[in-house]
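First chain A sits with chain B, and in the next complex the same chain sits with chain C.
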Partner chain A sequence: MAINLKPGTRLFSAVCTTEMIVVKASGADADVTIGGVAPVTAAADRDGSGSVVDGHGGGASMGKRYVDVEGAFELLCTKPGDGVPALDGVLFELKDAKPLPASD
Partner chain B sequence: MSWEVVDPQWSDADVDAADLWARSGGQWLTAPGVAVPVELVRGAVGLARCLDAQGAGLADLVGADGVGVIGERAAALGLSPSGPATGRAASCGGASRILPCADGWVVATLARDDDIAAVPAWLGVDLGGPHWPIVERAVADRACAEVVEQATLLGLACARLGEVGEMHPVRGRRLGDAAPKPLEGLVVANLSSLWAGPLAGDVLARMGARVVKVESEYRPDGSRRAGRFFEALHGRCESVALPLHTDDGCRQLGELLSNVDVVIEGSRPRALQQLGIDAVTLTERHPQIWVSITAYGRDGAAGHRVGFGDDTAVAGNLVGWVGESPTFLADAVADPVTGLSVAAVIAQLANGGGRWLVDVALAHVAASMSPRSNGTIIAADQGSVRPKVRSDPGRPLPLGRDTATVLDEFGIRSST
Partner chain C sequence: MHLASLVEMVESGFDDRVLLGTADTLVTGTAFGQLVRAGASTVGDKTAIVYAGENHPLLPIALFSAAWAGVPFIPVNYRLEDHHLNSLIARQPGALVLADAATAPRIACDGPVTVFDDWLNSLPADPPVIEPPFDDDEIAVVLYTSGTTSEPKSALLRHRHLMAYLLGSVEFGGAGPEEAVLVSVPPYHIAGLANMLSNTFAGRRLVYLRSFDPELWLETVRGEAITNAMVVPTMLARIVKSLGGCTANVPTLRSLSYGGARVAERVLTDALRLFPDTGFVNAYGLTETASTIAVLGPDDHRAAVSSDDPAIRRRLSSAGQVLPMVEIEIRDEYDEPLPAGEFGMIYLRGEQVSGEYATGSVLDAEGWFCTKDRGSVDADGYLFIEGRSDDTIIRGGENIAPAEIEEVLLAHQAVAEACVVGIPDDEWGQVIQAAVVLRDGEHVDPDDLREHVRSALRGSKTPDRIVIKHQLPHTETGKMLRRLVLAELAESE
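And then the complex of A and B:
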């Protein structure tokens, strides 16, 4: 199921506690999953059914950034959980931490 | 386990605050004619005198009875005064702005390219030009709470003016007994970066401590790029660089921290936990004192927030006013006063004994020095003195210069 991803969109895994916020997106519809299942865009829409699909678990960590293979999408984990994000069935990769600023 | 008040103890002397503020360069760095809270100057000079009584030598090093620490970064980096340069109040460093929302003021720091790239996700706008005018327009008709909440989710440094309103003392959790330790020869691992933590480390080094700066090989202190100012704060350190992106590097870090007396770090608690480092577990055995410098405190949701010296000062209501508009006081002012507080707390706890986890939040230190009564001083344009660099320029500290020596000394196996 394709979801319209815009920067700022919040994604709540339907099958675990993982939550993400979209940092970068093209604005087009995309077949994104968390834990192998299409996420919902409001916490209240979680129905508590289903479980993480094999190969889509292993843990998303708070504060980590995830990018798709093409670099078109970037998601930031805002709540940790078992499920990890994927685009068209391909898992996102962990992005390096932001460099520290030289000054503020 | 509960928190206790471990505020650094300094005596409030009768000082000419206006004169010290002018001589520190703080006045020159602030918009002309802006009232400065006397509590800020009294706090800075009180802490500096407390440290100088134990051998820090700050009055000679930075001038203005030690209040010169407030201006020294701007002097070293050649920064301009803060204030309403073009439109809204800009910080000396240029990365922070105070902006009006529908129901109050917010402050934000966008210091990195990634921070600016997150603006569309923060505010739902396109970035088709300079980011600040876009941000200012977008926040104007929104509520502060909404703006701060979304920024916080994204890991951006953003706060409502004066959101830390009440007094928050420096807090410590006593984790066990230990004998007092003299500052002379006290071994400090300093994992912090930028200004507050490194300043604390340098002050402790001047008081006789041995300070080992610990950095990630692949993500070193960003202020290394600030050259001269980095050298000034790190002239008396050793440098250890570890491969913290590997399990082996994390093992070495854990072993290193078990061999020192004091740890200073400025990471969000989850960042160190993700490396397998737990402050409480370690401090129950060794080291003896662990100081966690945070933006808003370690506990709960606050522990996930990011903050720098300018925005946390505004969160703590440590601002001046130009008419009806708030403006920054000096340069990232929460940083230097937090640095002095951290050094003073460590000296105090080392002297008193015990095992301690200490939580020093930039916004809380700022709030403790924000105006409480009508005791403000007015910065006059006359007699405004440019901030000065310190008398000791320090020296370069190549990344990882002492890694092999220090690991060997503590019997830590290096990377395989």
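And then the complex of A and C:
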């Protein structure tokens, strides 16, 4: 199921605790999943059924960024969980970021 | 992205983590979200939230309530004289005006003035649901620049500038749950605003000093187990002085960052010695660039102070390396880029760079912002700030940076503070004069100081006159008010 992704769109995994926010997106619809299942865009829409699909687990970590292979979408994890994001069935990659010293 | 998204991120990521408050009023991420929604519901058809007052433990609630309601947050300098303060507030008609108890009676504006504590205490428990606009091209914050050389200008920062800075330089949730930052810079300054935003984004608890005092600062660092702090150079100098040569006993303090003005090298080397287990960070940035654009990190500081290599040692006076998402160019007077190591005008470009005032954008066609600061970038990417281009003295056609002469004066044993300015002169265009403050118990003849400069630089850079003063005028964040020093020296000739 395609979801319209814009910066600020929130994605709640339907099958685990993972929560993401869209940091970068074209504003286009995308076939995105978390834990292999289409996420919901409001916490209240979670029905608690289902489980993480094989190959879509392994853990999303707090504060980490995830980018699709094309680099069109970037998601930031705001709550960790087992399920990781994918676009058209292909897992997002963990973005490598060098931490900077806290300046303020 | 919009700051309202940050509120949602806080609720998601830090639901049970304490982000704000003192021992009796601890605010978790969940409570933070509730307070912001309630605060936003009080905005109604007001055009902005203006805040005039000291730091307050819950001040970020005002900032984020404005964002959630889709209006700008405008912190103003409550230390200004009444008519200046009121003229700044009058620039934003129809605003919700919040103030601390001491400032509220001083304000005369077109509507009521609410004491911030009263506003917090009267927030509705069950506010109506407001859907934030989430348009990141809206104005998030208006800040008045300090105006060291001219009248204050209102700088506009849009949501996209502030979020670009946060996403580019801070890791969301990057702070451990035990971390706490001590904020002692005023709320109407870009550093105070950046403190609120970066630490909320990192998940680091914000602890506020209502106003700065070195003893209180040290006590609070110890009492609240502070891990991070940001100070301006005058604060650092006062902390170092109050330690009286004894090592600071602050076992929890991991990071001490400073910025906002030039720091004397002697203060910095003393500080590094007295805080042996603390990492030092120098940050350079401007209001118009949504805060920090370059940082000198802890390893650079320790490497520089313990190095015999002058090129490494010199980095102690550097602003460090430019953030990865910001571009920098040093240009000559014909706008041509200069090679590494040469001094010129600093230009910046990047998503966090606003370069916009209420009077319009000053970005050029390619998006570059002229900082009006002069500096150079060495071959390894270290940025050196020389000073404001407006401060450059032109004596007999020669460009002279006051900072160079001030450094030499400050290296003299007797000198605590120095300000070098150009006084209009019929023969030379400008002549160099200096005002200095001596260290406690020191005496020196101005002619000996002139000789000290002459031996280090040369005759054309030696002040024609040096005046000894009891104190020099500064902004609250430690920037020298050069126009006042200049006016006084010109008048006393």
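FYI, the second predicted complex is superposed on the first by the 98 of 104 C-alpha atoms of A that agree within 3 Å, B and C clash if a C-alpha of one lies under 4 Å from a C-alpha of the other, contacts with A are read in each partner's own complex, and residues count from 1 in each chain.
Basically, a contact is a pair of C-beta atoms (placed from the backbone, for glycine too) under 8 Å apart; a residue touches a chain by one contact, two chains touch by 3 or more.
Keep in mind the model is a prediction, meaning the values are calculated, not measured.
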>> One more residue to check, A:76. First (chain B), second (chain C), both or neither?
In response: both
> Touch check for A:51: first (chain B), second (chain C), both, or neither?
Replying inline: neither
>> Per the contact definition in the header, classify A:102: touching chain B only (first), chain C only (second), both, or neither.
In response: both
>> One more residue to check, A:17. First (chain B), second (chain C), both or neither?
In response: neither
>> Shared contact residues on chain A, chain B side and chain C side combined as an intersection?
In response: 7-8, 10, 21, 23, 62-63, 76, 78, 97-104
>> Please output the residues of chain A touching chain B within their complex, sorted ascending.
In response: 6-8, 10, 21-24, 61-63, 76, 78, 96-104
>> Under the stated contact criterion, what part of chain B meets chain A in this complex?
In response: 73, 77, 91, 93, 95-96, 109, 111-112, 114-115, 117-118, 120-124, 150, 153-155, 157, 193-195, 218-226, 229, 268, 270-271, 274, 304, 308-310, 332, 335
>> Help me check something: in the complex, which residues belonging to chain A touch chain C?
In response: 7-8, 10, 19, 21, 23, 62-63, 76, 78-79, 97-104
> Given the complex with chain A, which residues does chain C contribute to the contact?
Replying inline: 1-2, 4-5, 8-9, 12-13, 134, 136, 167, 169-174, 181, 191, 194-195, 198-199, 202, 204, 228, 230, 255, 257, 259, 279, 281, 283, 291-292, 295, 297-298, 323-324
